[in-house]
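In this document, chain identifiers A, B, C, D, E and F correspond to the written order of the chains, with residue numbering beginning at 1 in each.
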Amino acid sequence: MAPIWHGKKMAETQKTILIINPNSNQAVTDGISNAVDAFRLSGGPKIECMTLAEGPFGVESQADVDSVALPLSRVVTERDDVDAFVIACYSDPGIHACREATDKPVFGIQESAMLAAASLGDRFGVLAIADASIKRHLRYLRQLGLIERLANERPINLSVAETAGGDATFDRLEEVGALLRDQDRADVVVLGCAGMARYRKRLQDSLGLPVVDPCQAAATLALGAVLLNG
Amino acid sequence: MAPIWHGKKMAETQKTILIINPNSNQAVTDGISNAVDAFRLSGGPKIECMTLAEGPFGVESQADVDSVALPLSRVVTERDDVDAFVIACYSDPGIHACREATDKPVFGIQESAMLAAASLGDRFGVLAIADASIKRHLRYLRQLGLIERLANERPINLSVAETAGGDATFDRLEEVGALLRDQDRADVVVLGCAGMARYRKRLQDSLGLPVVDPCQAAATLALGAVLLNG
Amino acid sequence: MAPIWHGKKMAETQKTILIINPNSNQAVTDGISNAVDAFRLSGGPKIECMTLAEGPFGVESQADVDSVALPLSRVVTERDDVDAFVIACYSDPGIHACREATDKPVFGIQESAMLAAASLGDRFGVLAIADASIKRHLRYLRQLGLIERLANERPINLSVAETAGGDATFDRLEEVGALLRDQDRADVVVLGCAGMARYRKRLQDSLGLPVVDPCQAAATLALGAVLLNG
Amino acid sequence: MAPIWHGKKMAETQKTILIINPNSNQAVTDGISNAVDAFRLSGGPKIECMTLAEGPFGVESQADVDSVALPLSRVVTERDDVDAFVIACYSDPGIHACREATDKPVFGIQESAMLAAASLGDRFGVLAIADASIKRHLRYLRQLGLIERLANERPINLSVAETAGGDATFDRLEEVGALLRDQDRADVVVLGCAGMARYRKRLQDSLGLPVVDPCQAAATLALGAVLLNG
Amino acid sequence: MAPIWHGKKMAETQKTILIINPNSNQAVTDGISNAVDAFRLSGGPKIECMTLAEGPFGVESQADVDSVALPLSRVVTERDDVDAFVIACYSDPGIHACREATDKPVFGIQESAMLAAASLGDRFGVLAIADASIKRHLRYLRQLGLIERLANERPINLSVAETAGGDATFDRLEEVGALLRDQDRADVVVLGCAGMARYRKRLQDSLGLPVVDPCQAAATLALGAVLLNG
Amino acid sequence: MAPIWHGKKMAETQKTILIINPNSNQAVTDGISNAVDAFRLSGGPKIECMTLAEGPFGVESQADVDSVALPLSRVVTERDDVDAFVIACYSDPGIHACREATDKPVFGIQESAMLAAASLGDRFGVLAIADASIKRHLRYLRQLGLIERLANERPINLSVAETAGGDATFDRLEEVGALLRDQDRADVVVLGCAGMARYRKRLQDSLGLPVVDPCQAAATLALGAVLLNG
């Protein structure tokens, strides 16, 4: 029964990375899953993306951020089949509660994006969705002790109407990204949101600078951790 | 009906500071109320201390911290009769959610203690209850951008048995405070906990350095804000 | 003789905050006294404002700053009836000499304003009277270890003619304050001068951000210190 | 001839990570290759480890570091079949020259280790081989803008005789690692050398803290970069 | 034979500062020699300027920088008649290798210029030859721990045609220097290149700010070191 | 009358550095003059050392520091025959007032010592005369933006009796200097006082590290400035 035994062993030993989208928008989760598809390798860990049922439809305010901390740490506690966790919201909600809840590695996507950016350039620029989140991000960057590496963070501030209009989002990313590059001297650019991975490669080619998607950055660190410690 | 009208007006216009103890231990709330009694002045704002019913009995873990963020912001939203809020737990739980929930000033006691200490000395030492909280405090101090002013933070690490033994807590505060003063060159000492105000004056006299109680530090800032903007 | 004794005891035990205007312009002292009037509470400490006879008519240069250090420390030494001192010039002249001269707390208004601002927002903008003082302020902010919290400092650079023209000063504060808010991402604004308290509330309402008057910020800290240690 | 074509396509499209050991000690290269073996996944990039023929037998001095910069950048230029490079010496020799020589990502193992450590703990401790290298590392950490996250760096300073003695190296890593954890408050430990990966897991279990091997940290970042941009 | 002996003793005891131009352009070396001519005093050390034969014609890239590290350290090792060395390229190539190679002081001109500027003003502005070098300079300034003193670095970005046109270089230095002074609040300006000393005095007079030539700054430190330790 | 005219011209054009000892102890001035004797070169500027008549016998307190600021700036204003000034007290009293009073360069000895140390090593240790001054020095070092380069500052705390006892001062400098080197990882040591130059060379030889005398460091910078701008 070698095949069966082998099959069971395979099933038992395949490691799992769980990426949790803290908002309850399944379309965002699907986008994240697409973004990390390149990391699903035969012989590598399974990468599962889940939508947090308790999450708000979007995590926009600090209250939204705080509302998901305990639900996230509960998932982390309950899923003992998982080998590494990713919190896939750019505010890194509940990151410290989750790390307290488990000895397994937990990665926040903002933190991971900053660290990845620091390996790809000297000064990073960040493209924020909206002005309102920048204050929160700067505060967090001070906490990370990485503020000296920030070139600038600029908002794209798209209205819903603009977002709807086909390439409007990309055009705006390109326009603001060029300001980060030319006026702020960023030599690497970070997408400051969990849902823009589909623009990453195109923006990278257009700007001529490395562009970091935060979910991919966190998936990279999770992959490394799981391969080593799983 | 001048006296009555005048009396009503007085009642209507007296400002209110609400100090919220995020844990559900009424004895702690009572201690905080005692600690800020000196700030209750005729002609000044009312200072009300409340116990957060939803809070854990003690706020010790990050999960505890995160668990009170939304309950605190709900209180802040609901109590529109209040002119300034104080979150009376040294981890400053929910501080950003509360600030988002209201335009009125919200003070955290750790933040306030650091700022008060910075006005009373050049380098502050912090007396933490336990080793485990120091990591959280250092991270927060980096976020505040005040890390250059920290001399050191040292734990008193008292066992329950030791705490029970009469002056054991004070003796330990004195002993560790002397290390902050003599080995770390602190010239002001912060009590890193909401419940040690009763030792403040005595420790100050013993160490020969200003000692800051965090609830009193926050009450000071709240008093100033209310007197100016109430 | 209980009433008499009681009366004397009252007189003896009322605490005193002394705010020293280091320039010899009595009109400035009067403005400061008005600015802190809200802190004069029945049951609270007496707040006395004095003009430093030896001071220059205005403290504008470093020589002016240095010229008042020893006169200020003499006042601090001589006034042993005082429980807390405020040096009411934005350059915080003689602050270290005064602190050396007494064990009582001494507050500088720039330092106090920075600390108050740090409790009301994440990044503070400063409105300086003139370009020439900004270099001195930045140097001092580095000394305070608070430079990471500075959004920017901008001068209003009003000519005498402009100042004379009614609302010109307020208009300029509003205009430059809006730049601090919109271009520099300040979320709290500091009036970088001892004599602009009368514009504070109006500017705060106009900008939609907390505005800090430095004399009021120092009076707040002094009030707290006196109530606790007096 | 589909299979042949398919086979060629496979060969053509498999991505390659090249890890260059800048010293000429093949045993070190072999150890590095073992250290990153977990990253060799079916469907993933090929991970090739090469010994730099021009390198010194060990990179110990600054002259050693500088001597390999141009040979390394020549390899980077010549190997246009490679998708990402790792410089596998803890001094990150030639890192900027290599980055200048190619648009492909180049990772240094010290830089990568610091960034990985920052994702696994709040303050990292570093275990250096010898006292002499610490000065160089601290200088580099300032350059990286990460000095606020350093708990301490301590040397193990093993003599040759001690190294020879079986478990002496591990015992010393354990002993000095415990100092980093207990005296310096490190909550993650970095092996400050390319050749100690075999102790990582055991040290991690013994200290109860995450332990980072720098080659594995760089391989992780390289793997992520190749999977995304290859 | 007193005169002869005396003469020999004089010859033997005159100290020597060796300024090494790491590029092989003799005209640059001649310009440096002119720049430091004011430091050649009777009774003072001999100041010798040499062209590094192995150097590239200009040091423009990181590869150029790295290519001269070992040749420079060889010079430092071989010239045991020298009492202090200056590496006269603004990238401070090989500075750490040279310091390792000798116990005599070795000064880099960028480092020296930053330190001199810090003694002449509060915030320094730097005039870079080209945009491409600014990233390298900022990285180095972080390494030096001096980034808080930087007002800004701006490129003059002159084309060859412009450089050829008589006063074009000076005009551009003046124009960009004025931006450093007026927009960035620099109160001292550094010439970010080894070959612009001839504009220093004129630019200083025009801008009304101290202007630092890096070769002269390093020669100053070398002169001091030799007079004291020679 | 060419020779006479030439002689007069010589006299007229010889530049002058004025080193002002802000205390009124002529023996200290004499020691400083000895310390900088190596900088008196034929063909170089005259170096004059003066005792400030208005100064206290020793500058020990902040009041002492502040008391000499205006007398120093008066000297700077009056001595228009001087080309560069040095304030020869380790607290750099009056440095900003003096800089305001003249366009000529003014060097403080603490500032100069820090900058010189930064050119001779990576992390500097400071030998303070007494514990009490360290707080003032650390505050100043933060102002200078150089705190990242400080290894530690340690007091020698010699009693008068010990100082009297022959080699006691040197022995103590050696003992505390060794702690700076071995425990704090300083690779350059600064004498934190104007009056210890006579121990510099001997201490340097004993510790095997560069040792910086602050008066000599400032004289170096003054010499450079005068030779260039005189």
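The rule is short, and it goes like this: contacts are C-beta pairs under 8 Å (C-beta built on N, C-alpha and C of every residue); 3 or more make two chains touch, one makes a residue touch a chain.
Computed from a predicted structure; not experimentally measured.
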item: Subunit B on subunit C, rotation in degrees - Cα superposition, rounded to nearest 5; value: 180
item: Interface sides of subunit A and subunit C: same vs different residues, half threshold; value: different
item: Centroid spacing, where centroids are CA-atom means, of subunit A and subunit D in whole angstrom; value: 25
item: Distance between the centres, which are taken as Cα means, of subunit F and subunit D, whole angstrom; value: 45
item: Distance between chain centroids, defined by C-alpha means - subunit B, subunit E (Å); value: 54
item: Contacts with two or more other chains, residues of subunit E listed in rising order; value: 139, 142, 144-145, 148
item: Interchain contacts (touch definition) - all pairs; value: A-B, A-C, A-D, A-E, B-C, B-D, B-F, C-E, C-F, D-E, D-F, E-F
item: Subunit C contact footprint on subunit E (complex, rising order); value: 122-123, 148, 185, 187
item: In the complex with subunit E, residue positions of subunit C that touch it; value: 134-135, 138-139, 142, 147
item: In the complex, subunit F residues that touch subunit E; value: 38-39, 41-44, 105, 107, 111-112, 115-116, 118-120, 144-149, 200-201, 204, 210, 213, 216-217, 219-221, 223-225, 227-229
item: Residue ranges of subunit F touching subunit C (in the complex, touch as defined); value: 61-63, 65-67, 69-70, 73, 94, 96-97, 99-101, 136, 139-140, 142-145
